[in-house]
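Presented below are the structures under discussion, each in the form of structure tokens.
What follows is chain A paired twice: with chain B in the first complex and chain C in the second.
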Partner chain A sequence: MQSFIQRHPAWSLLIALAAAVLLWLIFAPWSAGLEEMLGRKRVFLNAVFGGITLGALYFLVASGFTLIFGLMRNVNLAHGSLYLLGGYLGFEISERTGSWLLAFPVVFIVVGLLGIVLQNQVFRRMEGEELRQTMVTIGLSVVIADLLLWAWGGQSYTIYSPDWLSGPMSLPVISSVNDEGEIRYLRYPAVRMAILFAAIVIGIGMWLVLNKTRLGMLVRAGVDDREMLAASGVRIQYVFLAVFAFGAGLAGIAGIVGGTFQSLSPGEDTRFLLASLVVVIVGGMGSIPGAAIGALIIGLSEQLGLVYAPTYSVVFTFLIMAAVLAFRPQGLLGQG
Partner chain B sequence: MALVEQGKTVAQPWWFERITAPWWVLAAVLLTMPVWVNDFILFQVMGWTFILGMIALSMMFLAGYGGMVSLIQMSVAAMGGYMVAIFGTSGMGEISMGLSWWLYIPIAIVIAAIFGTIVGALAVRTEGIYTIMITLAIAAAFFYFTRQNYTIFNGYSGFNLVVPPMLFGVDWRQPMPFYYLSLGCAVLCYLAVVYVARAPFGLALQGVRDNPRRMAALGFNVTAHRVAAYTFASVIAAIGGILLVWQNAQIAPGTAGIPAVIDILVIAVVGGISRPIGPFIGALIYVLLRTFSPDVLMAFGLSGERFKLLIGLGFLTVVFFSPDGVLGLWDRWQARRARSRDPLTGGET
Partner chain C sequence: MKKALIASVSVGALLLPAAAMAQDDTVKLGILVALEGAFAEGGADGVRNVELAIQQAGGMAGGKKIETVVAPTDTTPDTTVRQARKLIEQDGVDIILGPLSGSEGIAMRDYAKTIPDKTVINGISGALETTWVDPAENFFRFNLDGAQWGAGLGTYVVKEKGWNRVATVAADYSFGYTNFLGFAVDFCRAGGEIVERFWVPLGSSDFGGVIAALPDDVDAIYLGVGGTDAINFLNQYNQAGAETNLIGGTIMADQTVLTSRGRAKDALIGTPTSGALAEDNPDPAWREYVAAYQEAFPEGERFPSPSLFGVGYYVAALAAIDALNEIDGDLSGGQAKFREALADDPLDTPLGPVSLNENRQATGTVFINEVQDDGQGGLKNVMVGKAENVNQTLGMTVEEFTAMGLPSRDTPDCAALASGG
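Let's turn to the complex of A and B:
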């Protein structure tokens, strides 16, 4: 952070300015002129919060993806299928037992186990052959997508959140000031705030594990140079298994989250695969903070684009990716 | 100047004498096919095979000779198809401009080539698996964009009633003319790829694939060669895309959806990306599976919709056991046959 400011003072200033403007737009009451130019503040706020929560969901999917890629150099293009599988399983569990919370650990374990099987039985056999591994994941995604279609059919499912999370909650953000000077605060679905909170907790937890524990040390060393790590006596296959299981489990959990505040249907797997691809391309491969920043940028641009330029929201995402590729091919926080 | 002067006594054989017997047989079979198969096989199976083969051929060119696995080829083909629908005639009179054929076909190919070149210029900044990810992301963006844009691409429904022009008094959408049209285009594309692969450009491209740093040190512009490879592949893909839209008589975002993009990869890999004939073999297998697997599945008591499962499993099997596709199987079989009749030792080696 410090070194970045020292190296790029102009960029730091620009980023700080953009952040300040965004914060001011969120917290300050809007004047009439601004409302005329940008529309109602409530619409803008909803888009921003929608973008942040969407970013949280993208982060959950993409962080596992980027972790697996960073350590094993394996572009797991079946990651979207794991997401959809987790969502369907979560739907079944919460329908059968009536407990939304119970679905999370069960799905994490089941999809994580599937990840272990994949890593141990499939990818380990072709270690070092990156292209072939990628092809295999493509084949797997086709097969899993069809099996899911077979089992759950073509209709879309929504997972219902528990009662204590349904309904809106008030946020300390001014939505509008009416003529009598009465301040109205933004009301936002509680379940989305809970998801955002959970994503932040998971993100911080991952950062702590990666930076403060022995396992995290092994993972970071593996990301930098896995041959040397293996040569120094670490059983790297176990590290691989743990990381793959964790990344897969995270994708499964993200499936429940996505099924709760959007819906689950065939095709969602490729949508989230695309999202995680773009997020890690923008953020930088193998970097967890990069995935967080990339997810936030893509989520915000998608939602703001949807509100202010509905036809071209996909193009914004694409343009951001193209710009990052053109000027910083390794991604915003990727290492050269 | 050659180090050893070659004697002039060695007569160069005519070019057609160097074509081996299997190729003559193949040519004879393909040319006489309309006589002994029905219209369905001619139009649906063989026409589709040639079209998918061409699109997969463009991918094989990039992957086999350039070392760049690009998943954008289906989108480039769809771009060509869309441009034919937009500049030519279609059921959407408000958007289609209705230019004549000698104008809209070159325009479509050029625009698709420009699109492919721009994507290529972005993609060559990355290598290996990154290329797959980036081209896949752009292909998905193309799909979502065409689905949302109504002013140019007519959104969800796309264009229908896009038919080939009535040229020389022939309805090119009839099975037999369309068969010969697609056969001709496929053969031209195949020969073009074979020629380019042996031309200085193709050799330099293969050098770039094998060792970019050495080629750069030798003074070759590595990036320019890669981007030019994308341009060349885009032209082939665009021709395939135009034929595809004529065959289906319609084009919609789903034409270049993610499943279609992945199908092209499956075709190229299953066929084998070491030689230009591979994609056509892969396309034939894919089309046969796609056309007849519902009947086979039904015979085993499964629903006919499970052909995707069959294709996915087949792809997995190929990637697992023969990474170089059907061509690799063939090569290994040939090698084993040659080994078993070793003339020197007289036995197996």
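Let's turn to the complex of A and C:
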């Protein structure tokens, strides 16, 4: 952080200014002139929070993807299928047991085990052959998509959030001040705030594990030079298995989250694969903070775009991706 | 000698399709239908229903035996035209029944102009432009278009429900505009006011921002989205704690939404929608037709009751058979008599009487349904009314309708309609 500020003082100032303006827009009550220009503050706030919570969902999917890529140089194009499978399983579990929370650990374990099987039985056999691995993952994604269609059919599924999370909650953010000077606070779906909170906790947890533990040290060493790591006597296959299982499990629970605030149907797998590809390209392949920033940028651009420029909202994501590829091909926080 | 023999045989072989066409005792129907892609199941139901209509006619029309050729499309306009050309040039069909979807319909209108001696009877495609902008002389449509399907609903919500102020959220593409236009014309003329319009791209999955932007002081919200988009909207609408009344476009409460799993769709209970058919229509003609459909095909090979696509193709086949009977199967003279017979008198269909206007576009009945709990954890559509004799210009004069402009984001202008009539 400090070295970044020293190296790029101008950019740092710009970023700090943009962040300050955004925070001011969120927390300060809007004057009449500003409302004239940007519409009601409630709409802006909802778009911003929608973008941030959508970013949280993208982060859950993309962080596993980027971790697997960073360590194994394996672009797992079946990642979207793991997402969709996790969502369907989550639906079944929460419908049968009535417990939304229970679905998370169960799905994490089941999809994580599937990830272990994939890594151990498929990818390990073609280690180092990146193109072949990529082709195999495409094939797997087609096969899994058809199996899911067979098992769950073509209709849409939505997962019902528990009662204590249904409906809106009040946030300590001023939505509007009416004529009598009475302050109204923003009301926002509780379940989305819970998901945002959980994503932040998971993100911080991942950062701590990667930077403060022995396992994290092994993973980071593997990202930098796995041959040297293997040569120094570490059983790198176990590290691979652990990372793949964790990444797959995250994709699985992201499926439950996606099923709760959007819906699950055939085709969602490729949509989320595409979203996580865009996120890691913007954020930088193999970087967890990069995935977080990329997810936030893509989520915000989608939501703000939908509200303020619905015609062009579809293009914004790809414009951002193209701009990043043109000016910083390794991604915002990528090394290289 | 041998060469001459071979030559004459091969010439004969080449002429064979033409000879088959000239045969007097059969009439060939080409069924142009989507059997791939999103509408594949609906398309298959279309084929079933043509078979049903022919079976009910005893396999004969106008004293001739009916033969059918199925030409599958994938709902893209270029495949459709290629398949239509195959039907005409290789299979030598006399009449084409189809196509199924909007953009295919527009492509077939243009293709029909290149085959003036043949006749095309639309399957179930519903784009307004097909029979409104530069229509083809030999293209007939016995189903209502997307704008007509929206008619009747506006009057219903104003008169029966007392909802006068609405905000609208609809999909930002051709069918979204067209279907919305039908609702809006009717609604505004009945005295309703559209406070704000939102257009969302097809395939949007997160509507949080739009839901927040919806004004508070409205009686209801019109939703012109369908499929997964509709389910996502309802889910997020619930989570945001919003509780305004809803009004649905034609595809808002169709089977894809009503059979979805999870509780998002429950927000739809009490929502009126309008469309081409009502499953519980008490009309005896409809009842008979449904019974015949259920009897003709075993349960695993059909829908519980005929789909929208099925009914469209059934009516098209019915129209062809009816006209052939009237003229005793005389297709000579570039099918001039056949076309006259198609256009002249109203046709009795399971959906009520249908007549054609000067553009060969149907005038018929729109059904108003309301979503209700079926008592078994599911939802069903219940018929609550119908609007009869809805014509292509939605009750306006041709000049008024033309002046209003083609469907788009800002058309129709609600205030102008309310003051004009």
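Methods note: the second predicted complex is superposed on the first by the 336 of 336 C-alpha atoms of A that agree within 3 Å, B and C clash if a C-alpha of one lies under 4 Å from a C-alpha of the other, contacts with A are read in each partner's own complex, and residues count from 1 in each chain.
In the analysis below, a residue touches a chain if its C-beta (ideal position, glycine included) is under 8 Å from a C-beta of that chain, and two chains touch if they have at least 3 such contacts.
It should be emphasised that the depicted structure is a prediction, and the values quoted were computed from it without experimental measurement.
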Practice task
Name the contact category of A:151: first (chain B only), second (chain C only), both, or neither.
Solution key: neither
Exercise for the section: Please work out whether A:325 is in contact with chain B alone, chain C alone, both, or neither, and reply first, second, both or neither. Expected result: first
Practice task
Based on the superposed arrangement, let me know which partner A:265 touches: chain B (first), chain C (second), both, or neither?
Solution key: second
Practice task
Considering only touches as defined above, state whether A:317 meets chain B (first), chain C (second), both or neither.
Solution key: first
Exercise for the section: Once the structures are superposed on A, label A:192 by its partner contacts, choosing first (chain B), second (chain C), both or neither. Expected result: second
Practice task
Using the superposition on chain A described above, determine whether A:303 touches chain B (first), chain C (second), both, or neither.
Solution key: second
Exercise for the section: Pick one for A:143: touches chain B only (first), chain C only (second), both, or neither. Expected result: first
Exercise for the section: Applying the touch criterion given at the start, work out whether A:277 contacts chain B, chain C, both or neither, answering first, second, both or neither. Expected result: first
Completion exercise
The intersection of the chain A residues contacting chain B with those contacting chain C is 310-311, 313-314
Fill in the blank from the handout: The answer for chain B against chain A in the complex is residues 69, 122, 125-126, 128-130, 132-134, 136-138, 140-141, 144-145, 148-151, 258-259, 262, 265-266, 269, 306, 308-309, 311-313, 315-316, 319-320, 323
Problem - Residues on chain C engaged by chain A in the complex (per definition of touch) - result: 172, 198-201, 204-213, 227-228, 231-232, 235-236, 238-241, 256-257, 259-264
Handout entry: Sites on chain A touched by chain B in the complex
Key = 73, 75, 77, 129-132, 134-136, 138-143, 145-147, 149-150, 270, 274, 277-278, 280-281, 285, 310-315, 317-318, 321-322, 325-326, 329
Fill in the blank from the handout: In the complex, chain A touches chain C at residues 39-40, 42-43, 45-47, 49-50, 53-54, 91, 155-161, 166-168, 187-192, 259, 261-263, 265, 267, 271, 302-304, 306-307, 310-311, 313-314
